[in-house]
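Structures are listed in the sections that come next.
Next come two complexes built around chain A: one with chain B, the other with chain C.
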Partner chain A sequence: MKNKIFDFFPKNSRGDKILSIYWFAILLIVAGGIFAMVYVFYGAPYDVRQIEARELTNQIANCISYTGKINTNLISGGVPSLSSQNFLEQCHLIFNSSEWSDEQFYTEVYIYKLDNPDNPVLDIKKGNNNWLAGCSIQENQTQENLPFCLTKSFYSVDNTDNPYIIKILSVVRKSEKNVKM
Partner chain B sequence: MLKCKNCNSSNFLKNKKAQTAETMTWIIATLVIIGILIIFVYLSVLVSKTKVIGVGDVQAGLQKESPVLLEKTSLGKIINDKNENIIESILNQGNSG
Partner chain C sequence: MKRGDKEFCEFAQSFQPNSRLRLHNTDLNSAKSLAHPNGKFFYLRNRRGTILVENVIFIVLNLLFLAILLLFIYRQGNGAVVLEQSYAKNIALLIDSSRPVMEMKLNMEDAFNLAEKNGIKPEDIVKINGNIITVKLSNSGGYQYSFFTNYDVTAYPDVSPNKNYIIKINGYK
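Let's turn to the complex of A and B:
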């Protein structure tokens, strides 16, 4: 009887020790996999440039036209004004920032007469024009590493009810903050 | 004491079939676990690429027009609504992004 009790606990338990090491190895592999999944997902930033470009377009549109009529500082009586030089100041826009060494925005505004949509009566270009080249590359497909380009048009009239088409191009770069490089 | 018929030392050294089978089972299980983890990590990479906050209904292929621009166009048409078809065609061509 005594011998049977002692035989219940085997003397040779080397197999159990090896198996314990294996279980710890599996634990480390699974933990490493979970860490990799979390790091990959939360390490990628959110891309908000689409919203940013849309807000820039809206801000410029509000500056160009309000209550359905074009700002008389830009066009008055069918004649473009020269005061578009300080367009950014008029529209309360600041493109440079201490956070970036270069300006991360670029905008173009074209105002066309309705009867001549190919030749603008007024064009305004402000910001860092280096980012403009990325827009033509992305005509068919958006490349997330390149600046985000948004083109919108709307209709308005001047103070003498002449019809115009206003076309606004807004370009936002900031790739390092919005895309995992 | 339990007696084993073939339990001499030489038999213990030769007969390892149970241990071999057990080891093979765990090797294959380990490979399956690693494979599943790789699949999940790849899926995490794919999901992380969808972290784009847009403003339009992209899935339906429609880009919702900004309400600000729609309002300005509407106000302009109230003042001067001649050539409305021309206006619509030009506006539809000029929007992208």
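Let's turn to the complex of A and C:
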């Protein structure tokens, strides 16, 4: 049987047939590689948490100090106001969403006087503080599966021109929609 | 048998690719019978033709394979799932970075074309419900993404034939 099959092809063209089998195998390997690469590339969602955290920080910074003066609802005449309780409503932010069972954001704002940078005049903490633990883990190296943390600081003055330094920490989780879990 | 005759037999055999005639190294007469009186082989011309056709088929199949791969990559990159996610996140980030009373015009030509192909109306592509954006380009559920600003937002398609979507921040809620 084997001889009959090989007799069908002349002796000198056997190499061509073997070569075509190898070529077919190479094509399969190349196709498999490309399918795998495309699957890995398009299977992973776009990670926009960095931009989202930056936008959250900008919105909070604009709310605290819009034109270089600290919001008088927060600090007025060097005295912190108690109205920071409804900070999110004042800043027109909403951390709840029916898309998620729990809040996916967390923010901390610390306002220090320049002459006393260790004790904040006012600190505001809003959102789901469960995500805060992920920030300390990522101090040296960012890990995609953990929430994204961003810290920014800037200077501003109150209505009586007292200078302050304001530090904002923004944490965005939303890992399921931004990272391949 | 001379060494030259043996080589001649092998050479004659190589020009008989489709023949069931088996030549042995010692079958000098059979080998000579294949040869033309002027010394050239009868099958020489046909053999050239076979090589050309085989090569053309080989190249065409390779090109076909390459084209299928490129089509696959293109379709993956422009698929409904990828575009829905891209536009939903894009719109959410635009809203998060905006202030009332901004009006943004977003070019969504790819989305309009794909939605038309899948039978989705232009006004059903982007829906904003509360602080959740839903982009739908196929008959599946679409893709949802939320924004964190407490704005009253409306989204509607631009007048035809413009393939834009207008996102309007009406004010605070």
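Keep in mind that, in the parts below, the second predicted complex is superposed on the first by the 147 of 181 C-alpha atoms of A that agree within 3 Å, B and C clash if a C-alpha of one lies under 4 Å from a C-alpha of the other, contacts with A are read in each partner's own complex, and residues count from 1 in each chain.
Here, a contact is a pair of C-beta atoms (placed from the backbone, for glycine too) under 8 Å apart; a residue touches a chain by one contact, two chains touch by 3 or more.
Here the structure is a predicted model, which means the values were calculated and not measured.
When the two structures are aligned on the shared chain, A:22 is found in touch with chain B, with no touch to chain C. In the superposition on chain A, A:50 makes contact with chain B only, not with chain C.
Contacts of A:131 after superposition: neither chain B nor chain C is touched.
By the touch criterion stated above, A:105 is placed in contact with chain C alone, chain B being left untouched.
The partner that reaches more residues of chain A, of the two candidates chain B and chain C, is B.
Look at A:165: by the touch rule set out above, it reaches chain B but stays clear of chain C.
When the two complexes are overlaid on their common chain A, residue A:97 makes contact with chain C while staying clear of chain B.
In the superposition on chain A, contact is made by A:31 with chain C only, not with chain B.
In the superposition on chain A, A:58 contacts both chain B and chain C. By the touch criterion defined above, A:150 lies against chain B but remains apart from chain C after alignment on the C-alpha atoms of chain A. Overlaid on A, the two complexes show chain B and chain C touching the same residues of chain A, namely 7, 30, 38, 45-46, 48, 51, 58.
Of all residues in chain B, those touching chain A in their complex are 1-2, 19, 26, 30, 33-34, 37-38, 40-41, 44-45, 47-49, 51-55, 65-66, 68-70, 72-73, 75-80, 82-83, 86-87, 90-91, 94-97. Of all residues in chain A, those touching chain B in their complex are 3-4, 7, 15, 22, 26, 29-30, 33, 36-38, 40-41, 43-48, 50-51, 53-54, 57-58, 61-62, 65, 67-69, 114, 117, 139, 144, 148-157, 161-163, 165, 167, 180. Partner chain C is touched in their complex by these residues of chain A: 7, 10-13, 27, 30-31, 34-35, 38, 42, 45-46, 48, 51-52, 55-56, 58-59, 89, 92-95, 97-100, 104-105, 177.
Touching chain A in their complex are the following residues of chain C: 13-14, 16-20, 22, 65, 69, 72-73, 76-77, 79, 82, 85-86, 89, 92-93, 96-97, 130-132, 144-146, 148-151, 172-173.
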